[in-house]
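Look for chain A in each of the two complexes below; its partner is chain B in the first and chain C in the second.
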Partner chain A sequence: MAHQKDFSTILFRGTLGFLAALTVVLLIAPTAVVLIVSFTDGYSLKFPPVSYSTRWYVELWNASHLHFAAMNSIQVGLATTLLSVVFGVLASLAIVGSKSRAARTLDSLFMSPLVLPALAFGFAALMTFSAVGWAVSITTLIIGHTAVCVPYVIRTTSAALAQMDPALLESSASLGASRWYSFRFVTLPLIRPGVMAGAFIAFMSSFDNVPVSLFLRDARTDMLPIRMWQDLEGKLDVTIAALSGVIIIFTLVMMIVMERVAGLSRRLRQG
Partner chain B sequence: MQSSPEIVSPHAAQSAQTAPASAFGLKLQAIVQRYPGATSAAVDGISLDINAGELVALLGPSGCGKTTLLRIIAGFVAQTEGQIIVGETAIDALPPNKREVGVVFQNYALFPHMDALENVAYGLACRGAPKEQQVARAQEMLELVQMSHLAKRLPREMSGGQQQRVALARALAVKPRILLLDEPFAALDKSLRLDMQIEVKRIQRLAGITCLMVTHDQEEAQSMADRVAVIHQGRLEQYASPNEIYDFPRTLFVNQFVGNANSLKGTVASTAENQVGTVLVAGVSLPARLVSPSLKVGDSVWVCIRPEQLELRAATERIEGPGLKGVLTLSLPQGPQVIQEVQLGDGAAIKVAQARASNQTMLSSGTAVFAQLRDGSFCQAYAYV
Partner chain C sequence: MSTKKSLPVTAYPLWLASPLALAMLLFFITPLLMLGVVSFYSDAAMTQWGSVANWAKTLDGFGLTVLLDTLWLGVQVTALSLVLGFALAWSFLRMPARLQPLIIFIVMLPLLTSVVVRTFAWIVILGRQGIVNNFLMDLGLIEAPLKLLYTRLGLVVTLANVQLPLMVLPLITALQRIDMNLSDASASLGASEWQTFKKITVPLALPGVIAGCLLTFSAAITAFISQSLIGGGQMLFMPMYLYQQVSALSNFPFAAAISLTFLATVILCVSLFNMLGRLSRGYANG
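Let's look at the complex of A and B:
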């Protein structure tokens, strides 16, 4: 009996371990492949490379059209993050502070960009902007990106707010603090990690957004992910591998920083 | 600042400021709180008059409306009807941050991202007081609650008792007119509770502040409060000194909730002046205070006898005076006293408290006993409903 149990335990653990290992490999392998290929000495994206060099990183340094797209993407990303944080935090405060049905409805409404296909949203946004006579520009891009990024901030901020003891604000008020003072010196410091986690995800999701950018961009507002795809499609450019390498390293560093300051993974689980 | 109705000379105003902080009274006038959709009122017309510098306990079982009443006074909940007056001023229209009512919460609600000193200084900081003044006052308050040595600790690095001291210092630092304590000792270990009760009482006396404390613990209410307000189902049952509440409970609920009570069914046997009379319980006539008004001979009543009003004797002894016959079933030693359970002839069980003396021989279970009403003791009789 005990034997049998041991065997089934081993089998269970073994299967679970195998699946976990497989998942990790599947998740990490492509990233590793790109990183390795980016250091090739040749002109093709062949894996494994025959010889190694950093020439494509030098090439990247001089690729002004990529710099232009990257600057656009970073600009849009930062503006989107700022707007998402402002709107997301305000929306969370209203939603968490209210028990009304309207608030709960709004909560699901704000989450809809997460479920709604971004392609459909991008197309709808383009239609709307042309209907009101706005030409696509960096402004329309920022508006479009904000719509799909704000839910991330709402999620993490609401989770942080919901964890806050309501007695803290009552206590602050009874000590003579105005609502604004309480928000500034009690609420904000306590939800800051949640807001930062949301802001980080909002930035990252704006930075590599394709579907919305596809509809709302033009030559003047070239966005990095789309530029990368077009370059790769046309000429299998190894510079793109180097660019991917830079983005991967940047993301990893940011994730480590956010994990340190905001406990990112914990925030995401709560959200 | 105390608002004065008449214009006074600058000199007089100054002397009033340097005089020891005068305390404010608190008046609750017919407070009613109805929550939408609820069938009965959470607070049902409670009026209380609390003197300046007094410590009053709101005592009642959970859900009786005492916490709601506290939240109404603090301004966290707007009452449906009634008025709250601090000193001479109605504060109903004021938001919580303008009421000058300090609150110590059950879970202390210290700001988790601030150390003890910052927590205590918070009230002055949000009033825009200069930094040195904030720190000086906060240190003074931490001194008062004997927490100076832990000024740099975060709340999570403090024990429950330490957090409570800081919460108390924080509430008092802004010199509130009224201090509210919400179940202040409920979260503390029993061994720590008595120490903190003494401590809070000491600080309250020292600060000379009017204080309202919510509790469901009748011993706590009796030991700490100058007066106790017993609340049941949103209504004020009795408002009097702890002794009066204990010795002359005005309702059956108060009698049963405050202290222990043996409640037995009986009938009124005779009536006299000043509510005095006798009741018939289990065929025995006992002297009683007929508490409910207009009780007549023959009326059914609940007769309440405190365990310590009875004295246990072996049935074989020759005894004078009124008492109840029964059989001793259980003895529960409780430190200074022993609680003995006695089964009466009609099946009802009563408790008898006996002081424990070393030279005393204890009666054993199964002994036929006589629970004698002590000399000068009265039962309390309440209309049977």
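Let's look at the complex of A and C:
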């Protein structure tokens, strides 16, 4: 009897353990595969490559159409992050902890872009802009991206605000500090890591945005993810592997930096 | 004046949210409402208003097939993600503590890496000269490369992986909340691990399961890039259906009807998941 139970325990743990190990491999594989294949010497995406070189990184250095799209994406990403932080922090201050009906309604409104299909919004925005006679431009892209990125800043900022000890603000006020002074010298330093984590997630999701950019960009405002998608649709270009390698390294470095300065993983999991 | 005094020093006035509220009304809510108006034009040039032709076309045989197939794809991806994600989350809690941050890092990296890059990786893995085919041929299990790209199976596996972090993170949080003493008590009363898993762990983790399923499902059905690159031209799902109407055919009214149908379906699914979530929380706490 005891023997049988041991066997079923081993089988149970073995199955779950095996699946977990498989999952970890599946999570690491894409990143590793892209990094390795980007150093191929050949013209195909054969894995593993027959011989290695950095030729595709040299190609990437000369690929001006990709540089153009990358600059647009970075520009839109930075502007979107700035707007998301300003609007998002103000909104978080107003609605966090408030049980009022208005505050709850606003919260649902601000969070709705996370749930609704962004593709439908991207198309709707295109239609609205053209109805009022605004041609698609960097500006319309920034507006569209901000609408879908601001929820990330609100989430991490609200979580940081909710963890603040109210006694700090009470003592600050009782010592004669104005609301603004307390915000500047008590609240802001305490919520800064939360805001930074939100800003980072907002930037990455703007930089990676497809559904909104798909409709709001044109040849003059080409965006990097769309450019990459169109290149991959046509033919399997190994330059894209080198570009992917650069994006992965950038993401990895930024993640480690943000983990150090803002406790990124903790904040991502709260959200 | 009196309202200002009644506001406690720990709170901020509600009007601070007004810039964002105004921007969202103008640039988010208005466009979505415009979809409703435009969907009732009967022609692509938008001259004849007041027709339900686009709605009829969206919900006719073909349109409905695309919608249902998209939802079915979501179900397949979510199911695979759940099996893999649950195994990882369950094992995560039984790992040495110093390994845990590493696992969190491994889960988070794909979440923040560009979705085009992740999809591209799967093209390399599933391609004719990719890892899977080379491996199977080296083993002598197959003679010619299998067609894995542009197949349903390839798409489901890819999407399950691309969306896996969205499943794993809520599951880890949910499993961490379960009192380990319950499993110990269950074991000391003679239950096998499988019985404990079935009767204690899974029911108590249900809120996390539902949260993870909601995120994975909505991400999978709206995943334009992966659907287009891995699924290929032979498979049509709602996002590509919508995009084609806009970019290739410039049929805005019909695209508006498709958008709203998709939007309504997603809202319906989200409400369903939320209802299940409330029920399961009651179950898990009660």
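Observations, loosely collected:
Operating definition for what follows: the second predicted complex is superposed on the first by the 254 of 271 C-alpha atoms of A that agree within 3 Å, B and C clash if a C-alpha of one lies under 4 Å from a C-alpha of the other, contacts with A are read in each partner's own complex, and residues count from 1 in each chain.
Convention: a residue touches a chain if its C-beta (ideal position, glycine included) is under 8 Å from a C-beta of that chain, and two chains touch if they have at least 3 such contacts.
What you see is a predicted model, and the numbers here were worked out from it, not measured in a lab.
By the touch criterion stated above, A:78 is placed in contact with neither chain B nor chain C. In the superposed pair of complexes, A:111 makes contact with neither chain B nor chain C.
Touch criterion met: A:175 reaches chain B, while chain C stays clear of it. Contact with chain B, but none with chain C, is seen for A:185 once the two complexes are overlaid on the shared chain. In the superposition on chain A, contact of A:265 is made with chain C only, not with chain B. If you count the residues of chain A touched by chain B and by chain C, you find the higher number for C. Across the two superposed structures, the residue set of chain A contacted by chain B and also by chain C is 170, 172-173.
Those residues of chain B that touch chain A in the shared complex are 74-76, 95-103, 105, 107, 109, 111-113, 122-123, 125-127, 170-171, 174, 176.
Across the interface of their complex, chain A is touched by residues 9-17, 19-21, 23-24, 27-32, 34-35, 38, 83-85, 87-88, 90-92, 101, 103-118, 120-125, 127, 129-131, 134, 161, 164-165, 168-169, 172-173, 192-194, 197, 218, 221-222, 224-225, 228-229, 239, 242-243, 246, 252, 255-256, 259-260, 262-263, 266-267, 270 of chain C. Put simply, chain A touches chain C in their complex at residues 5, 8-9, 12-13, 15-20, 22-24, 26-31, 33-34, 37, 44-48, 87-88, 90-91, 93-95, 97-98, 100, 102-103, 106, 109-110, 112-113, 115-121, 123-128, 131, 143-144, 146-147, 150, 166, 169-170, 172-173, 179, 182-183, 201, 204, 207-208, 210-211, 214-215, 225, 228-229, 232-233, 236, 240-241, 244, 247-248, 251-252, 254-255, 259, 264-265, 268-269. Residues of chain A touching chain B in their complex: 165, 167-168, 170-178, 181, 185-186, 189-190.
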